[in-house]
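Chain IDs A, B, C and D follow the sequence of writing; residue 1 opens each chain.
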Amino acid sequence: MKREEGKVRLPPEGTLILSSSPHIRTEDSTRKVMLLVILTLIPAVLASVWFFGLHALRVVIYCMAFCALFEYLWCVLAKTKSTLSNLSALVTGLILALNVSPLTPWWLCLAGAFIAIVVAKQVFGGLGQNPFNPAAVARVAMLVGATGPMTTWMDPAPGAVFGLADKVDAVASATPLAAAKAVAGNAAEIAYYNSWDFLWNAFLGNVGGSLGETSALAILIGGIALIALRVIHCYIPLAIFVTITVFVWIVNLASPGLTPGPLFHLLTGGVMIGAFFMATDMVTSPVTHLGGVVFGIGIGVIVCVIRIWGSFPEGMSFAILIMNALVPLIDKMCYKRPFGWHPSSINILQPRRGEIK
Amino acid sequence: MPSSEWLLITVGAVLVNNIVLSRILGICPFLGVSKKIKTALGMAGAVIFVMGIASFATSVLYHLMLSAKISIRIGSFQIQDLDIAFTKILIFIVVIAGLVQIVEILLQKFSPALYGALGIYLPLITTNCAVLGAAELNAASGRSILASTVYGICSGVGFGLALILFASIRERLELSRIPKMFQGTAIALITAGILALAFMGFSGLVK
Amino acid sequence: MESVLVAVGVVALVGLILGVLIGFAAKKFAVASDPRIEEVAELLPGANCGGCGYAGCGDLAKAIVTSGADPALCAVCSAENVAKICAVMGVEAGAKERKVAVVYCSGDRSHAKMIAQYNGLNDCRAAASLHGGGKGCRFGCIGLGSCARSCPFGAIEIRNGLAIVHPETCVGCGKCVDICPRKLIRLVPAVSKGHVYCNSLLKGPQKKKYCSIPCIACRKCVKAAPEVFNPQGFLVRAVKPELVDAELVKSAGCPTGALQTVEDHLALGQAAGKEKEGAA
Amino acid sequence: MISSIHPKRFTGGIHPQNEGKELSANEPLRVPPLLEKYTLPIHQNIGAPPKLIVKKGDEVRKGQCIAEADGFISVPLHAPTSGKIGDAVEIPGANGAAVPAIEILSDGADEWGVCLEPYPDWKNTDRDKLKKRIQEAGIVGMGGAAFPTHAKLSPPPEKIVDTLIVNAAECEPYLTADDRLLRDSAEKVLTGAAIAAKILKISRILVGIENNKPEAIEALSAVSEKFSAEIVPLHVRYPQGGEKQLIYALTGRKVVAGGLPMDVGCVVQNVGTLAAICEAVTEGHPLIERLVTVTGTPLVRPGNFVLRLGTPVGKALEFAGGIKGPVGKLILGGPMMGFAQSSLEVAVSKNTSGILLLAPEEVRQFEAGPCLSCGRCVDACPMRLLVSTLSKVCENERYDLAEENYVMSCLECGICTYVCPAGRPNVQHFRRAKAEINARRRKK
């Protein structure tokens, strides 16, 4: 009890911390957010390995490693503190990998990683400053610049990697989206894509496509986990899904046979991964809930327009990029006024014109 | 003309063949007057106005030129039935330059603030290839006077859309920590490039 | 050949018509403006530092021409340019004294004692309302560099937690004077070669608690040059700074080193500063 | 009586993971021994500082007025104990700037001097007399604002006030002084509320209290019948105790930005203030001591203390048993809105609600990482500000844009900073922006 009588002293010089309020904070950090995104993408990675075997794993490792490499190189060259530890480069790499075909050659992964990390992110000032989703930019640039390798798909061979099926490694002709587009207007052919049999395969992922496009189920699991963990809000994905459903339904009513039904559009292509993991990228999406809804509706409409009438079979990355460009405007338009805001308060909150220059 | 044709002209000019992002015309004011949404709006208005009027005027002239055959006789010097359509670029430039001068004078009189904000870029509309491009494209695709005017206005709207989008992004970029060597035009060009990439998604909508 | 002539003729005709139209519009909607504004703006430095109190060089040019502001208001403007502006305006040019900013503190990290660790915005004004960023002395330089960032001419360097003005680059615009929350920076005649680098109003022993280089008001310098230095409370200030030269500083023999030459102050923390530069 | 009002839920807000109230809530109230010397800061209220009327060497009695109110928005200051006036000194204030203070050297007798005349029969006392008494007793808002209470109780005649709101929310983590006060002397608080209600000529008294204080609610409801006060248990949600949020929760009325509670017919008083009003009116005691929570894990015996004004923080920490572990931060006030200190000489003043020590491992430093635009701050902001944009705008010192984005509405409640995964010092940004904008406005 001697200490109790002793004089209270401050800790030695320089260890007492002075900072502005608040003095407590949540345990959350950028690193933790990024880690959760990676963890929730693991089902999708596993699914892609199940369907495409080691090809998928190869692409994932390439993309993640190259992205990390470019992030590191940038930090070294720009003489800034290494930002590798916030894991954002790995998230970008992983999402990029899920956006490409399992047969993507290594040099294309390298180019994609360069575009994603350097061109789309670091030159804008790094994490948090980029107006466009890095993975989407990289995918679009790769698609436009190297159409051949980017549209060389592979037939799924479920479980082949574990010896449960014959290894085929066959080069497939097209993704369901491209195939359906090729027969657009032919009602009989289109009907196949509305059959439960096909939709079930598309839901599980037993179709050709890029790593993350195949298994809607795996992405759904990850996406719901992401929402449950409160990393993202459900507004953007929901708005996208509802818009696509309604839009395709109306198009089907207006001209039957032009395109398969809403479920087909939801389950194939990049809608799932785009809606849960790319459109919800915090940096490039609106901050308000209402803005998120507008953002999602925009993506939904653009995806449908491109898929149904455009020359590309898939428009998710394009739609995300276009809506990314609109985010600053959406943020401006969709912001509600502060609590208790009233026209009469304008004099207090805002300077009268001419009062402050 | 059927209504679907009008839709094609509109959508085509605004989105698919966007004069800036797809045809890469009018980059100078696109990069120059896109720092603030407010001035971008003014510039967009000015360009829509100029493009509409220029498209109309050039289209009228072009149609006149197509129908006019000139015969001149000065002494022994004689020209018979000369088709003067080949002078269209020359005439278009003169007409556009003149129009812009008048717009500039009017603007200085009636909206000095906007005039100040647009600065050098207003006279530059004179030599803006977007305006001339619209006029040329009209002539090349043989549109009627009305269709030309609509196309001109829609191209202006497309330009305005791209400009405002770009300005909103640049307003945001102004708040970010862009590495020194990429500041200014460098980052603007990169952004414009990505924006153009994004707009490529619309290709094929209008055949 | 003919076609060229026709082209020339047609273009000339169109040009003529438009020329008449433009001429008419220019006459009808003419806006008067004073060409001198542009001339004066050309002569101003164009750094838009705002040191003159106007919202930039263009604004000052306008004020000089239209509302008769002092052509020498711009501290940055060279004497010949001021003379030229005066010539444009048709007024007499007055003599101009060059001033530089001086930071009245020598308390870098090796001299001032830290009592706490500051964690927050890298901005002196923010830190000033938070116990001044951890330095024990509440009069001295906070050292987070608000002044350096505000300087349009890059004349201020933060070295070892202390702002140091490079007098050869400083033009005396006074921007840093307004920025500094501790009011440490003052504009003094550039001819002055030494200063009492201390700003603390506390009593000597209290100053010594947190700083090893304060002015303890021992008045040695006052005795050496009573017409130059004048004690104000517990702090000595040079009332005639233009008279301070290196010799006077030497003869005063300040026991703590608060009174030192500009060169010595510039050399403060040189070694530590180099190290940091290499890292940055 | 527990009210049937269904409290409205304001947008935003958070429920801090670690409330830290258990450290001090259940400790009985302690009255520390008399000190030899008190250092009384002179300017303890918002508005004009009081004028000193004693000089060095003067003998004063406990409760004697030593500084007179200077104007309407000002209150007098009283000696916390009997003794001699010492030196006029400068001590660090809450924000580190030096403030003038006066030393009082205790004679150990602690004798009351000539007190104000008590009004035990306050129900039949003139309203103006009561109001004057509140000023004479030096009472200010003890929740933190330190705005003179008598001024708050004098709405201009054109404002119609119909509700007195007793702010017992105490939403700040770690602080339990109001909780303790209600548990021990709920009657005193409600008497104070009744006096305030009488001054305002109203009968409706609402007590807003977070439902994590069951004992206090029980104590309140036991005596509330007598004063016809309605007790409204509220959700535990910081900043439930913010004036605007509390008014909205209890009445559904929204105070317009830049407006005052009395614009919507409400007057909000903190429980500590009401207890002080009760003492001043019924016993004639001026405000010379207050309840302070001295808490934190590095302390040996955290708890609530009745501290005389002018008690140095270092002494208060000694009363709480001293420090047992390493200290990372010393905070005056609560962890969300309090001020970090670098000195033990800071004195307890009329608005000091708590003294908090944090261990080094509890202090999470700001990293000022890049904003991810995750929108958590926007979701959580009780004023519904576009925090992410504001934060970036302020980082770039674009105060014109900050003003356009309503930075002046910021409460500085600290939520945006609490939830930020990037560890950005948002509140500090906004404080700076507000200071800068105010300075510019004054200049024009």
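Everything below uses one rule, namely that a contact is a pair of C-beta atoms (placed from the backbone, for glycine too) under 8 Å apart; a residue touches a chain by one contact, two chains touch by 3 or more.
Quick caveat, the model's predicted, so the values are computed rather than measured.
Asker: From the centre of subunit B, which chain's CA centre is farthest?
Answerer: D
Asker: Any chance you could check whether A-B or C-D wins on number of contacting C-beta pairs?
Answerer: Result of the comparison of A-B and C-D: A-B.
Asker: Which integer distance in Å separates the CA centroid of subunit A from that of subunit B?
Answerer: Centre separation, subunit A to subunit B: 35 Å.
Asker: Please work out the Cα centroid separation of subunit B and subunit C, and write it as a whole number of Å.
Answerer: Chain centroid spacing, subunit B to subunit C, equals 46 Å.
Asker: Using mean C-alpha positions as chain centres, tell me how far subunit A is from subunit D in Å, no decimals.
Answerer: It comes to 46 Å between the two C-alpha centres.
Asker: Can you list every residue of subunit A that touches 2 or more other chains, as numbers and ranges?
Answerer: If we look for residues of subunit A contacting two or more partner chains, we find 10, 15-20, 125-126, 128-129.
Asker: What are the residue numbers in subunit B that touch two or more other chains?
Answerer: 176-177 - these are the residues of subunit B that touch more than one other chain.
Asker: Please list all residues of subunit C that touch 2 or more other chains.
Answerer: 115-116, 119-121, 126, 130-131, 134
Asker: Chain adjacency by touch: line, ring, star, complete or other shape?
Answerer: complete
Asker: Taking the touch rule as given, give the residues of subunit A at its contact with subunit B in the complex, in rising order.
Answerer: Touching subunit B: residues 78, 119-120, 122-126, 128-129, 131-132, 137, 140-141, 144, 302, 305-306, 309-312, 315, 317-319, 321-322, 324-326, 328-329, 332 of subunit A.
Asker: Could you please specify the touching residues of subunit A with respect to subunit C in the complex?
Answerer: Touch list, subunit A to subunit C: 10, 13-20, 79, 357.
Asker: For subunit B, which residues are in contact with subunit C within the complex?
Answerer: The touching residues are 61, 70, 72, 77, 79, 82, 84, 86-87, 90-91, 94-95, 97-99, 101-102, 105-106, 108-110, 112.
Asker: Show which residues of subunit B lie in contact with subunit D when the two form their complex.
Answerer: 174-177
Asker: Can you tell me which positions in subunit C touch subunit D when the two form their complex?
Answerer: These residues of subunit C touch subunit D: 115-116, 119-123, 125-126, 129-132, 134, 138.
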